[in-house]
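Common to both upcoming complexes is subunit A, partnered first by subunit B, then by subunit C.
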Partner chain A sequence: MAEQAIVRPTFAVRYRKILLGGFAVILFFAAWQAIFLFVPFNPLFISKPSLIAAGLVDLVDSGDLFHDLAVSAVPFFIGLAAAVIVGVPLGIVMGWRPRVGYALDPLMTVFYASPLVALAPLLVIFFGVGVSGKAVIVFVLSVFPFIFNAHAGVRAVDRLLINVVRSLGGGEWDLYRKVIFPSVLPYIVAGSRIAVGRALIAVLVGEFFAASEGIGYAISRFGDIFALDRMFGCILVVMAIAVVLTEGIRWAERAAFPWRAGQ
Partner chain B sequence: MAETQTLDARVAALGGAGAAPRRSLWRRIEPAAWGAGSFVVLLLVWQFVPYFVPLKPGTRLFFTVPSRVAATLWQMIVSGSLWAPLGVSATAFATGLAIAIVVGLPLGILIGRSSLLNAMFDPFITAFNATPRLVFLPLLMLWLGIGLWSKVAIVFIGALFPLLINTYEGVRAADKLLINVVRSFGANEWDIARLVVVPNALPFIVVGLRLAIGRAVLGVVVSEFFGSQEGLGVVMVRAASGFQVDVVFAGLIVFAGLSLLMTGLVKLLEDRMTRWRPGHVNAQ
Partner chain C sequence: MAGYIEGRNVSLTFRPPNRAPVRALGGFDIAVEEGEFLSIVGPSGCGKSTFLNVVLGLTKLDSGEVLMHGKPIGGPGSDRAMVFQEFGLLPWRTVQHNIELGLELKKVPAEKRRATAERLVVLVGLAGFEQHYPHELSGGMKQRVGLARALATDPDVLLMDEPFAALDAQTRDLMQAELLRIWREARKTVLFVTHQIDEAIYLSDRVVVMSKRPGRAKKIFAIGLPRPREYEMRVTPQFNDLKLEIWNTLKDEIVA
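Right, the complex of A and B next:
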């Protein structure tokens, strides 16, 4: 780092990683496109970037893509919001009240470690194939990262700050508002990154099971009718959304809590 | 936490032999007692809900109690109806995880040692790691058919990335000084890997393995829900659509139990390997 400050690196050196990464991505798609010139693949089983791009343009033009995305987004956000509303307070109380922590920690660990997605068929049948069924699956899968990270965050709170607030006459509520919540926030944001990944799984599970619209439904339907170009298009869209969400949260973490960089 | 406990112990020791030992025993078992108590309370409440809450007939169809789940599980074990599907699921799990280890470790070491490969692979690793692997299931079913190999593929891509990323982090964390020392004694890249990089990365790899096991179990369950004819996941889906809720829970318990058992064993290994390092692994 110190050397960098003295000798200003050239453009190529500074952006080496991004340039090489971008180059690799372009190379990948170019090779994918080019391989069809040499190997006659069955178009029923594989598609090529030019066709995928055309398929995506079609989906965007007809409005189907945005319709499906909007349909999937509703349970995604409802489920996540419910997970925050339930998970964060629960985790904070578990961290702040040792006995609540003792009582609930093993239980939550077991739930978190078990493949709760196995309950999806039951939840779909019980809550229906619409928004509520999917939202419940999203909630069940994404609540635990919030609980565990809020819990860990409270346990990492600086005892000195607590004593300062107490000795200045602060009550329980002041402690939560002035000390605990601000120091737990970075942990919650880190937890939300994990939760978002699990919520995406939940939406897809819900829509693969039984749905008549939504991006997960679109992917499995295009697979069923061998519309590989559109299927790949939707898969790439899901990948892009997943990357934007998780990397976006990572970026927000670095920007908002720079002292935690690298954790 | 550790500090306050030793402090308490010291205070107890200073306080004499009176009430102190009893109190410290309670202190030691208190977390476990609360933990066990909450399990018991949960099970009791669940068991006795139907006696206190009048369930509608529609809801009753979806309801079961712990005793019935336990009886069903026991019956599945005794009658042998559990083992065949479990064997199918376990085969997919083990094959996928094994391939992920065979591919992930060398690739992780390569990417960790070469900054060129690192830069070129990074966008792909980031993209695949962020994406729920489930999104590839319909495609994999088209390519590999409904059966073992599409499941293996889902398990593989689920388990690969935790292993790959942790191996790579472990390799990157290797002491540069040690590498330079062996290199100046004439070691080639293979020796460096064998003597410095791999031993150093091992604790990271074990953490990766633990995460990979969790992802692999998830992969088996999910792929059996959608693209399979046999396996424990299939048994569960069929039971769910036949309203045999106790079978669904029994399957969940089996999956959860095996998952906890395996991650627990790896965790023991992990603690063993990291006990001697002061500031140990915290990857992912």
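Right, the complex of A and C next:
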């Protein structure tokens, strides 16, 4: 027998990752719903998927959900943008200029390791309860992943490529543009996955303390008035957003940096 | 005739922080003629790459001097270009844009860059692969890109640091023949480092054997084989005699 037939994987085999993952999610919600067939249900302490779904429909229907999301999105994106603009150059310079790195590394490590979220009330007092206060909290929490990943990216730059550009007459600025920044870019995108998660937490925390609108405010208010169906609904929406953002970035990484595939 | 590139008593010691200094070159003398293909062989760690980096202008020497056209080399210049053993291609750039790198750094307009890249892609036998990324190429193809990139700025001198060492034996034989063809067409001075005696003899006008570290020129062999070189010359008595002679000069320097 010379040739072997190429076996085409069945649908179930080909999509088993998604199928199994999705099945577990569905099973989780089904179990959540079903458990109250055996356990008494108290709507003041817990909710269940059927009620959450109804609450979500109501929030979407009234437009409240989108309004709150839109309100929260503004400081989220402003804070993240500021974190990129500050964090990436800072991390690159720390990595490329050893003395800057030696000077700032301990300080940054301390900040990164500390529970910065505890500063949120202080930041709200300094910067107000509006967009600026929340954006500052987002910035403070999300800037460090950009700094550290850019820093790590610079240290991983292939010295040979530096020599290549130098030998062809490139100056310092050319090194940044042609080698360092492109090498660091995948690290920055990977860092943004972490940063996005922290930025979401930052927005919620900022809105828990003091706010009159926004998705974090909605969650805390629904909690206060024991509207647990809508509270859980908002939490699920935030979770979904977190998953979509991080998975979207993961997908973008594979699409944009094909030479790193398999690394 | 004065050497086109001339190294006189070149000495260089690396002083890495927290480690013992390494004397890489200890009075290396060399004179490379214009248009010559000169190979350097020597035990590993004897300072071959170091010397090429000095000529390239990336490494400063401690004493002695390296002259090009009688003038000391002060830094990188577009009259010299290096082909690196590990290729050194920018992974996020296509073949075409890798070839254009040197021209880009020299602020050559895009039209002219593209024209040069198109010509070189053909010269190195990569037509059709312009839009491929390095990770899609074989080792031999990557080094063709490395060679095209070095040729793009039209340097007078090509420095080649074990350019084919990372390739398998057959690809290496093929690349050697291709290099000779390109060298004949482009008329460059080539300074070629290798640890393969066969390769050095087959390609070169002269072969310099270096001593162990700190590297000096131990002996220079003139390779009298006619050009163009044919693959069959590798099995002639003349070739084998040279090989034996060079090996005998080299083997005392190799510390296993």
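Here is the rule we go by: the second predicted complex is superposed on the first by the 249 of 263 C-alpha atoms of A that agree within 3 Å, B and C clash if a C-alpha of one lies under 4 Å from a C-alpha of the other, contacts with A are read in each partner's own complex, and residues count from 1 in each chain.
Quick note on the criterion: contacts are C-beta pairs under 8 Å (C-beta built on N, C-alpha and C of every residue); 3 or more make two chains touch, one makes a residue touch a chain.
The shown structure was predicted, so the numbers you read here are calculated from the model rather than taken from an experiment.
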| item | value |
| --- | --- |
| Partner chain in contact with A:247 - subunit B first, subunit C second, else both or neither | first |
| Partner chain in contact with A:168 - subunit B first, subunit C second, else both or neither | second |
| Subunit B versus subunit C as contact partner of A:110, first or second or both or neither | first |
| Touching partner for A:23 - first (subunit B), second (subunit C), both, neither | first |
| Contacts of A:213 with subunit B and subunit C, given as first, second, both or neither | neither |
| Partner chain(s) touched by A:200 [first = subunit B, second = subunit C, both, neither] | first |
| Contacts of A:58 with subunit B and subunit C, given as first, second, both or neither | neither |
| More subunit A residues in contact [subunit B versus subunit C] | B |
| Subunit B and subunit C contact sites that coincide on subunit A, given as residue numbers | none |
| Complex interface listing, subunit A residues touching subunit C | 158, 160-161, 163-170, 174, 178-179, 182, 257-260 |
| Of all residues in subunit B, those that touch subunit A in their complex | 1, 30-39, 42, 62, 116, 118-124, 126-128, 130-132, 134-139, 141-143, 214, 217-218, 221-222, 225-226, 233, 236-237, 240-241, 243, 245, 248, 251-252, 255-256, 259-260, 263, 282 |
| Partner subunit A, residues of subunit C touching it in the complex | 53, 56-58, 76-78, 80-82, 84, 86, 88, 90-92, 101-102, 104-106, 133-135, 149, 153 |
| Touching residues on subunit A, where the partner in the complex is subunit B | 16-17, 20-25, 28, 45, 99, 102-107, 110, 113-122, 125-126, 155, 197, 200-201, 204-205, 208-209, 216, 219-220, 222-224, 226, 228, 231-232, 235, 238-239, 242-243, 245-247, 263 |
